[in-house]
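Following are the structures in question.
What follows is a pair of complexes built around chain A, which joins chain B in one and chain C in the other.
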Partner chain A sequence: MQATWLVFRREIGQYLGSPLAYLMGAAFLLLTGITFNNDLTLSIGNKPLEPALIPSLLASIMILFAPLLTMRLLAEEQREGTLELLLTAPISDSSIVIGKFLSAWAYFSILLALTLIYQVIAVSIAFPDISHVLGSYLGIWLYAGATLAIGTLFSATTENQILAAFLSMITLIVLYFGDAISQIVSNTQLADVMFNLTLRGHFMASFAIGILRAEDLVYYAGIIVIALFIAIQIVSSRRWR
Partner chain B sequence: MNDRNTLQLTRGQIGQVGILLGSLGLIFAASSFLMNGFSTLTIVVLLVSVIGFGLWAVFLPDEFRAVLTGRQMRHSTAAILSTAILIGIVVAMYIIVQRANIVGDMTIDERFTLSAPSMELMDAVQRNSRDIQITAFYNAQEIEYREVDDQYFQLFEEASNGRLHVVYVDPDEQPALAAAYANALENGIYTFASFIEDDGTLSNTVPVPITGYHEQEISQRLAVLLAAGQFTVYFETGLDTLDPIANQQQGMSVLNNIMRQNGLITNAISLAELAASNSNIPTDASALIIAQPRRQMTAGEVAVLDEYLQRGGSVFIAADALLTDDLFMATDSVFNTYMWDHYGLRMSDMIVVDPASSGESQLSILSAQVFTNNDIGQNINIENQPDTAVQFHIARAIEVNDTPPVPNGRVIMSSPQSWGERDWNSLFQQNQFTFDSSQGDVRDQFTTVAWAYNEDTTSKVVLVGDGDFLTNGRVQSPQGNATLFLDSIGWMTGFTEKVEFEPRSYNATPLVFVGGQMLDTIAFFTIVVMPGSLLLIALAIWLRRSRQ
Partner chain C sequence: MIEVKNLVKKYGNFTAVDNISFQAQPGEIVGLLGPNGAGKTTTMRVLTGYMPVTSGSVKVAGYDVTDDSLEVRQRVGYMPEQVPLYPDMTVEAYVLYWARLRRTKNPKQAVKAVLEQFQLLDRRKKLVRSLSKGLRQRLGLAQALVHNPPVIILDEPTIGIDPKQVVEVRDIVRSLRDNHTVLFSSHILSEVEQICDRVVIINNGKIVAEGTTDILGEQTHSDLALYVHIEGDKEQIQGLLQQIPAVSDVQAHESGFIIRGNNDELRHAVMQLIAEQRLELLEMRPIDRRLEDIFIKLVD
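Let's look at the complex of A and B:
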């Protein structure tokens, strides 16, 4: 735990000390800000503010954002040869992987928390469904955790950051649009299975409409656990390969 | 040498595919076992798994042996197997949790929680002798919609204590089954509720149109289904009335079908035959429809009708203006006098001409004034919905006694500019109608639809001065014509009270007006200040690093 905390602190320090992370954050806030203002203008006298607007937008943005956030986590360590140093340090492989993953998730959480300002504005001028909003934020937070875990996994597989980002992006695209594959073959059972395997399927049909389902929590937690476990196995394999 | 290397590489690949097949097969077999028990699929996947591990053992025997002895293989195999076990555990947990269906409603107005009226309805479903099936049609492209609708279906399924079952059908995969629902499916209705009979067949199927207010819409249609078979409406056919089965323009099959789709039983009956055989209208008759009769009623027929009304029956009468010596409800006829004496309503000898509120001609009069003190008028002439108006073609004026023997009232009236034409010969034969007071024409606002209710006998009467609006050719143009008829039937039979559900109040308050200056301030803060602050921090860090 102590080791995980040390790795986490070192990584989050790198995020917060990097101008690139702030540039990404600025782009993130610009996009969400434009979306919020657009909904605000369309809603006046017409409809309530969309409670899951920002989380729904982030669900698609994370396909690009998660690989960018995680590509350097382990790939850079491998390329620069510092992973060997870490492996020889008195910390476990799981501490390395989990600490790095948690730092990426924490960075995303800070950005997500900044978008809560939109909800504060919404409360001051309207009557938004706050519990629905918070439910959808919880959903996108878990969703992001799953995408970042997948990014961490691919960052562990290669020392090339671009390749790691590319592989995780492809995987996330498949996991996001997976149900579209079944539409090509027009098979409902297959479509059902594919939809339930996709990241989108566990967000759009539950958190986004105001439902909290235990199966969605297990799904996202399961993806995080499995992806991180495989990443730990890959890092550990360097010891006996 | 090269050939040998190629051969070794291929064997290695097959062995790797083998271990992959074996591991995935184990996971799928475990999942299949959890979902379907020890099924054929489980056995097949398990066999694939065994074959996979077999291939691994045959094509990579050294590695297979090394699992037990070799360090590298021992590690890699342990990694693969532990990953497979972890995936298996997660999949098993997911399936268990999915089956438990643990759902929390996060909406402030509890959209995903059944309301008290719906829960009462589900109690009725549990008490009902037959199970209910909701059949919903979705193809592969509509899975996302199905997932959302499924949230609501599950609420009803759980509240029914196993008495309500949801069945999903893919119309592309089962076209024969979908064919039975083709008309409704073409009109965008994809959900149906039916009773399940003892032999497994479905009966009393009612469509469940879903437009976004899932709970209210499903509850209302389930109420309709539960009411199915409780109300029987008879069509009078002995007075040369509209044929409820004929599907031509002059038939009345559209309304008949709509009533049946709503769970009402419809039958034909002849007052003449009942009078001749000295019989009465059946006791199960919730209402009698006399649509555009073409002759007067005999004293015997009136007696049959009177007996029915005395025991609380309800009659819907659409008395048209026809140029005949044997006009139904002619001013001096037996039945017209009966209606005046008992209900304070009678047909006059005037046809309403309305220059101010009419369609293609001044004889095609539109509902100018509607009274909403009775259920019948509630859904007519709704503001900004022109299709909710009622249109009659050559309608007779109704006289309403203002000191009636029983409570009565008006539903629809013409405009104050209208007048009553008494020269029917000129109107029907030469299509000429001009106001002529010397001919007895009267300028007034005329009643074209009226109701009466005898509180002692509970009998109800709805009198309409037109019959054409009930025909297939006119009943849905405008839509208000069908509404007038169906709401009349609903009021007379009590069907409306039985199936009506008050709309749930949702806290979907539209965003009230926000001043332009405030909008600009919000936009400036969220689009400029917030991202700009991060850009400035990025710039500061970059400058500090570059100086170092």
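Let's look at the complex of A and C:
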């Protein structure tokens, strides 16, 4: 536990200590701000504000954003040789991987929390469905956790950060658009199964429309656990090679 | 402190370390000597708990590296050949990070002490990326020593730094003797000779010789090498030198020759030759190669 905390603390320091973190934060707010502003303009007198607006936008953005956030995590340690030193420190391999994953998730959480400012604005000028909003935020938070865990996994596979980002992007695209194939097959049962395997299948059909389902929580938690488990095995396998 | 018994380490079909055994006592500096690819780094990686053994038993500070890996790792300070650094951390934060990961008591104090020992205290707020190669080497040593481990493993710590820094690092290693067991790898013979109490020479994953530097040195002294430079026609002189009964081998070297032969008679025989033939001797000196000699002999 203590080692996880130490790794986490170093990593979050890396995120918050680099100018890139603030540029990303700025870009994040710019993008979500424009989207919110558009929705606000469209909504005046016409329709209620879209409660899951920002989380739905982030669902697609995470496909690109999660690989960029996580590509560094383990790939850089391998390249710099610091992984060898970490693996000879009296700590478990899992504390390294989990600490790093949690730092990425925590950094994302900070960015996500910044977008709550739009909800404050929304509450002050209209009557949004608060529980719908918060449900969708919980959804995107878990969704992001799953994408970041996949990014962490691919960062463990290589010492090349670009390759790590590329591989996790491809995986996330497949996991995101995977159900597109179900629109080609005429078998509706198969299509249903496919949709339920995709990342957005567990977001768009529930959190985004104000539904909270246990199966979605299990799905995202499952992806996080499986991805981190594989990542830990990959890190440990450096000992056998 | 270090006890290696019949250690074998294979990578797939390739045997990197082939059945080696050696020991290191507390307060001893043991040199692991061998050409590149001999298995030095692999041996060290097994000792630090980075890699498991294929077979054999390895004990460090009383703990088995396979069964009590975490206990071993707690008691070992390790500096890999490429000093692993986090360029974006400050010197102080970097050492503190490793101190805490290794559960050092009073980590801040330990860091301060070790930075002082390596004269890095005034640079503690500097980013690691701004350090010169020699300072990075010192930082690598500081990292390995901050938790005051009983066993210290240094993989070629003097590679790639300038001569002044090499001397510095050697002095540091020597100063560790009193309280630590040090395993030190190198392919530079004179260095091992200067620093280490005992040397283990390995080649192709096998131990080819082991002993104190003195004992290893003596082995070559029975067979002395002399450099002689005699005025005159080279071929004629080579012929004359070869005729001396005590001389076993003559090789052209620089502007003279290196001759080898029986330690006791060689110099007398050369002087006699010069007197008899009325030659002019320009230079004669023993070539003190000691370990290098054994090394090349053993490795070939």
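Rule of thumb we're sticking to: the second predicted complex is superposed on the first by the 241 of 241 C-alpha atoms of A that agree within 3 Å, B and C clash if a C-alpha of one lies under 4 Å from a C-alpha of the other, contacts with A are read in each partner's own complex, and residues count from 1 in each chain.
In the analysis below, contacts are C-beta pairs under 8 Å (C-beta built on N, C-alpha and C of every residue); 3 or more make two chains touch, one makes a residue touch a chain.
Everything numeric in this text was worked out from a predicted model, so none of it was measured.
> Both complexes share chain A, so when I overlay them there, do chain B and chain C fit or clash?
Superposition check on chain A shows chain B and chain C fit without a clash.
> Is it chain B or chain C that touches the larger share of residues in chain A?
Looking at chain A, the partner in contact with more of its residues is B.
> Vertex at chain A, arms to chain B and chain C: angle between C-alpha centres to the nearest 10°?
160
> In the superposed arrangement, does A:222 touch chain B (first), chain C (second), both or neither?
In the superposition, A:222 touches chain B alone.
> Using the touch definition from the top, say if A:211 reaches chain B (first), chain C (second), both or neither.
first
> In the overlay, answer first, second, both or neither for which of chain B and chain C A:26 touches.
The first partner, chain B, only.
> Once the shared chain is lined up, is A:82 touching chain B (first), chain C (second), both, or neither of them?
second
> Using the superposition on chain A described above, determine whether A:18 touches chain B (first), chain C (second), both, or neither.
A:18: touches chain B and chain C.
> Is A:192 touching the first partner chain B, the second partner chain C, both, or neither of them?
After superposing on A, A:192 lies in contact with chain B but is clear of chain C.
> On the combined arrangement from the superposition, state the nearest Cα-Cα distance between chain B and chain C in Å.
In the combined three-chain model, chain B comes within 7 Å of chain C at the C-alpha level.
> If you lay the two complexes on top of each other, which residues of chain A touch chain B in one and chain C in the other?
The overlap between the chain B and chain C interfaces on chain A comprises residues 17-18, 240-241.
> Can you list the chain A residues touching chain C in their complex?
2-3, 6, 10, 14, 17-18, 80-92, 239-241
> For chain A, which residues are in contact with chain B within the complex?
Per the touch definition, chain A meets chain B at residues 17-20, 22-23, 25-27, 29-30, 33-34, 36-37, 40-41, 43-49, 114, 117-118, 121, 125-127, 129-132, 134-136, 179, 182-183, 185-188, 190-192, 195, 201, 204-207, 209-215, 218-219, 222, 225-226, 229-230, 233, 236-237, 240-241.
> Please name which positions on chain C make contact with chain A in the complex.
11, 45, 48-52, 70-71, 73-74, 76, 78, 80, 82-89, 97-98, 100-103, 143
> Considering only the defined contacts, which chain B positions touch chain A in the complex?
Within the complex, chain B touches chain A at residues 71-72, 75-76, 79, 82-83, 86-87, 90-91, 93-94, 97-98, 100-109, 111-112, 138-141, 143-144, 146-148, 151, 168, 170, 172-173, 507-514, 518-519, 522-523, 525-527, 530-532, 534-535, 537-539, 541-542, 545.
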